[in-house]
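Each of the two complexes below includes chain A, the first together with chain B, the second together with chain C.
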Partner chain A sequence: MKLSSIPILIKILSLSLVCIFPMLLMGETEVNTCVDCHVENDLMPEFYLEEDVHQHAGMSCAGCHGGDPTAEDMDESMSEENGFVGIPEKQDIPAFCGKCHSNIEYMRVYQPRIPTDQESQYYTSAHGKKLYAGDERVAQCSSCHTAHGILPAKDTRSSVHPFNIPATCDQCHGDTKLMAGTGHGTNQLNDYAKSIHGVALLEKGDVGAPACNDCHGNHGAAPPGAESVSHICGSCHLNNFEYFKTSKMGQSSTSQEYHNCEQCHGNHAIMKPSDELLNFTESSLCMDCHSEDDAGYIASAIMYSHIRESDSLYQEAQLRMHDIQIKGMNDVDIQYMLKESKQNLIQLRTLVHTFDAQQVTQKSIEGKGFSQQAIELAQQEIKEFNGRRMGFGIATLAFVLLAIALYMKIKLIDKQKSNISS
Partner chain B sequence: MSKSIKQRAFVWLDERFDLQPLLKMMDHKRVPIHSHTIWYYMGGVTLFLFLVQVFTGILLLMYYRPGEDSAYESMKFLLTEVKFGWLFRNVHAWSANLMVLFAFIHMFSVIFTKAFVKPRELTWISGFILLLLAMFFGFSGYLLPWNELSFFATKVGTDIMSAIPFIGDAIKTLLRGGEEVTGATLSRFFGFHVAILPLITTLVLGFHLLLIQRQGISETSEFKLLPPEKKRYMSFFPDFILRDGLLWLIINIIVLYLAVFFPWELGLKADSLAPAPMGIKPEWYFMFMFETLKMIPPHVWFIEGETFGILLFGVAALLWLAVPFARIGRKPLVESKWITILGLVTLSYMVVFTIIGYL
Partner chain C sequence: MKYGRREFINSLLGFGGIGGLASIFYPVFQFLIPPEITEAKVSSLKVGRVDEFPANSSKIVRFGRIPVILIRSDRDTFKALAATCTHLDCIVQYNQDRKQIICACHNGVYDLSGNNVSGPPPKPLTVYTVSIIDEQVVISEEKNIV
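Let's turn to the complex of A and B:
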């Protein structure tokens, strides 16, 4: 080794020490005497999760409860001088969480577009108003989010993930004792779970389907008023809402304080609507206002018959296409027509919300045209299918005759040869 | 009157082309009659199916447009809009499969009747090359409709090529026209299928047929041992040719029946970004090799399993090609019972592994 390389080695060694030493120091675990002591005395809070979103972001117990988590002495670490606030009263919880969550300057560090109006929204909700009035039975932040096991809402384990929201709300709303005297029923979850929305969310895992909070709001949760029902449904069912809003029925429904959409479709137990809703019977809801042979009754009868006709023609065309597919024939154009026909049927069922028989009739004629064309195309394909078999039959006959002729020729030659040789 | 025109036409041609020796040769050509005569027809059936392929292939070429954006669409148009397009496509597909099947039957019949022995070594070699060409025809034609299954099968098939030591990657790139199966692969396969392979096949087939015409039909060893008075023959023209024609007609009816009653699906258009669909399978005649490669462990000794398998097939193909020259001790292989055992073992292996592939 050359002598000149020694100073370089010393430089490298000292640089390594300078870099490695602080890393060794940093490797030491952070002191948290709260956890040490609470674990030792078996006093950890219920549902405590190490993956809690706050802990994950580097907040310790003291971040919410105050105190000095580095002090070894309990009296010192949990002293008022060190800012210890202990367990907040239920009524104080919204403000307790709001210390940070209502402070945009603090919160934007974690998420640039995070909302900070949860606390103020909460006090506009039925829960918030009651809590403010001193009713401690109502839900506050930790009732839904939990206290020490809070996970981001997109985490499927979170109590406020769409999959879990119905069960979270049901903790209180399904409790008959808690709900006694509030005027609320306790069967909402059962109804919802059977509904088209509930089946989509809870059984099919479709997070696009509404959970409780999508209609009732979350922090500002309140039962929707008669007027807002159609707005809430309309936030997803846009066209139905637009048609209904401008219809005569929609306007009179609002003026008479009917619950708009809910009036026919129900609320928590909304089922897939059937065309039978248009079919007037003695027990029909429509008969409350309409009577046989009045304009509404006749319009409904016209709409019902057109939808049924469109639907049955579509079903027939579909059966024909199925037959074509089984036969291995060309179904491309039929499929295209059926797509149009199905689209038309969806539009038709949406258009019913105009309660305008003329519009529905026109749309229905258009849709039936598509189905009719599909049926005609299918008939042509069947004809072609039979034609191919017939063609094959004729060709086979010709080939068989040719084969017989050839066979006879062979036999004739054989015979001639055997005659010559004999 | 008509006879005199025929005669005059013959004289006219004979003066110019000296047809007499040719006719003499045709007159002398004869086919032995014995219990295995049926196998003499298998090569003819394969030839007939090849001619069907040429005829229907030319018709398909009128409408088929190679290219990522046009291949599938042109096939769809051909199948749905073109009069009898469906028929020609289905006949082409069915006839292709039957051609490979009959080529295999022809090859094994040659093995079992020991027809490959001296002086027919070159006929055997050219026949085996024709079989490989037929398989490559099938492989290249399979991709042309550019549907999901063919796309992924080609991907898997060309991937296997890369297992060949040293030159594997180069072969894969050459076949694919790049790193991946793309429109470039389609153009390339189209080129192979309609230009390169037909040219090579026509040349090799011409050579194969020339050898058969020059050497005549082989006689089985049992037939050769018969006393001359017990040997029965039929003339090649017209007796054998007429019987050949009758069989071709029957095969034609079968192909038509299959095309009408069991049409081939076009499937969904190939999408290179879509996940591989279920049930990707090679054509049935590659199945025994595909299944074998699947069963070989990832590593055999120090060689990668797939490479080992490919090498094994390469060596097996060379040995198969060299069967007419093989000797066991001092005796040629053909004179020992081992040739029949070898044929039976090979055939059973291929049949069993093909069946396993479809289970």
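Let's turn to the complex of A and C:
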């Protein structure tokens, strides 16, 4: 080898190292001509994310769309012989995703606990039934999960994270054009957002609060039937459901196909219930079935008056405790009593779902007893406070008198001394 | 008897003196005999002898301002947890059959370690340390080891 060719050889070697070494480091040994070509031609799918859950698991475009991502030639890589299926028809999407997601043997490699019944559940849903019947306006997998930017449901950026589910459903259910002729309103998100559930989830970030799918289901989403409403609400509001189900009201409500809980509390716009729900007025919902002076009317009036009395006594006891705290007196016992009283009030409001005035009355008497005891304890503390104030006043007076007397005594002694000396 | 200026001043001195002394000694006397309930920060509480708590039983005790549920789930295991439900502050109870802690208000369920298992409670119950010192059960606040 000539000496002059050595620098050229070094240059070639260096260049090779610069090109090959990073590839070795990154482990980029697989070729994906789909991405290369689509990037080059600015044809990447909308909302494409490199963090997509499938890419993250090592799947390439061919995992869903078929074809040969290693072939340099486009016709070859996207040929039918290589299994290329391209963009699926909307009607075929559930089966398209289901070819992996319904296969437990395949799925357990990635997530041993993942359910594999999404596709079969989907065809029982209102969406699935319509898609099966040929209505392509309805939601299928990618409508909710997106297609190329799918993130795990626990990721707060995911379209199916609880925080985002209401907005995801609203993409279609809030679209007046899409919903025209379906018989569905388009105000569900607005109603939900101001409801007690919506405020808890969307404003307070409480993921325990139900989103759309918690009541309607997700893959098997459907409007709850008359009978299932109380079961659905009862999955969180257990005591209310147990009381209601065994009540006379609950039994007749089910037999008459009323929507149970929804009948009084509403559905998407459920507000924090007020005691006024029990108060019969002309516009009261109860008046649809009940009339003045019938048994239901009387029971409701009894329950309402007991709850109001319990509540106002509890409020009074709370004010007394507040007063005690301002005065710096001992409020520990009062606080314990008020805890009992508050607990009783919560249970009382739940017990209303028995629609049994006798049970409510009994519970109310118990609760009023706690509030009354708290008030009495507060009165004792106030008495003690006044006693201490009086004692302090008397002591101050005694000291003032002592000071005056001492002053006068000194003056008197001085006067006596001057008299003696004169 | 003539009640002159001198007598008046002497009476005044006597009244003021007695009142003044009473004002000084009354608080001292109150300090020596304190009231039954005192408001002080509690960091540990002796709740009774071990044999006062049968196995599979519970007792709610006052740990300062906080109600605490002491559970003896079996012969050797004592647990102490804040007895206030993390949902709406109701007092929880120990269910002997299910060996779980239940909140009667909305059916919240906790396990014996205080973890919220089902129902509306959003977070676990605060755990307290239970020590047995000279056959006495003592509850104290958990120390966070950094």
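A few points about this structure:
The criterion applied here is as follows: the second predicted complex is superposed on the first by the 361 of 422 C-alpha atoms of A that agree within 3 Å, B and C clash if a C-alpha of one lies under 4 Å from a C-alpha of the other, contacts with A are read in each partner's own complex, and residues count from 1 in each chain.
The working rule: contacts are C-beta pairs under 8 Å (C-beta built on N, C-alpha and C of every residue); 3 or more make two chains touch, one makes a residue touch a chain.
These numbers were taken from a predicted model, which means no experiment stands behind them.
By the touch criterion defined above, A:R388 reaches chain B but does not reach chain C. In the superposition on chain A, A:C236 makes contact with chain C only, while chain B stays out of contact range.
Judged by the touch definition given at the top, the superposed model places A:I413 against chain B, while chain C stays out of reach.
In the superposition on chain A, A:A180 makes contact with neither chain B nor chain C.
Comparing chain B with chain C, more residues of chain A are touched by C.
Of the two partner chains placed by the overlay, neither chain B nor chain C lies in contact with A:V31.
After overlaying the two complexes on the shared chain, residue contacts for A:L401 are found with chain C alone; chain B is out of touch. On chain A, the surface touched by chain B in one complex and the surface touched by chain C in the other have residues 330, 332, 391, 395, 399-400, 402-403, 406, 409 in common. Across the complex, chain A is touched by residues 5-6, 9-10, 12-13, 15-20, 22-23, 26, 37, 39, 62, 64-65, 67, 84, 88-91, 104-107, 119-120, 122 of chain C. The residues of chain B lying in touch with chain A in their complex are 76, 79-80, 87, 238-239, 242-243, 245-246, 249-250, 252-253, 256-257, 260, 263, 265.
Those residues of chain A that touch chain C in the complex are listed here as 206, 208, 236-239, 330, 332-333, 335-336, 339-340, 342-343, 346-347, 350, 391, 394-395, 397-406, 408-409, 412. If you check the complex, the residues on chain A that touch chain B are 328, 330, 332, 388-389, 391-392, 395-396, 399-400, 402-403, 406-407, 409-410, 413-414.
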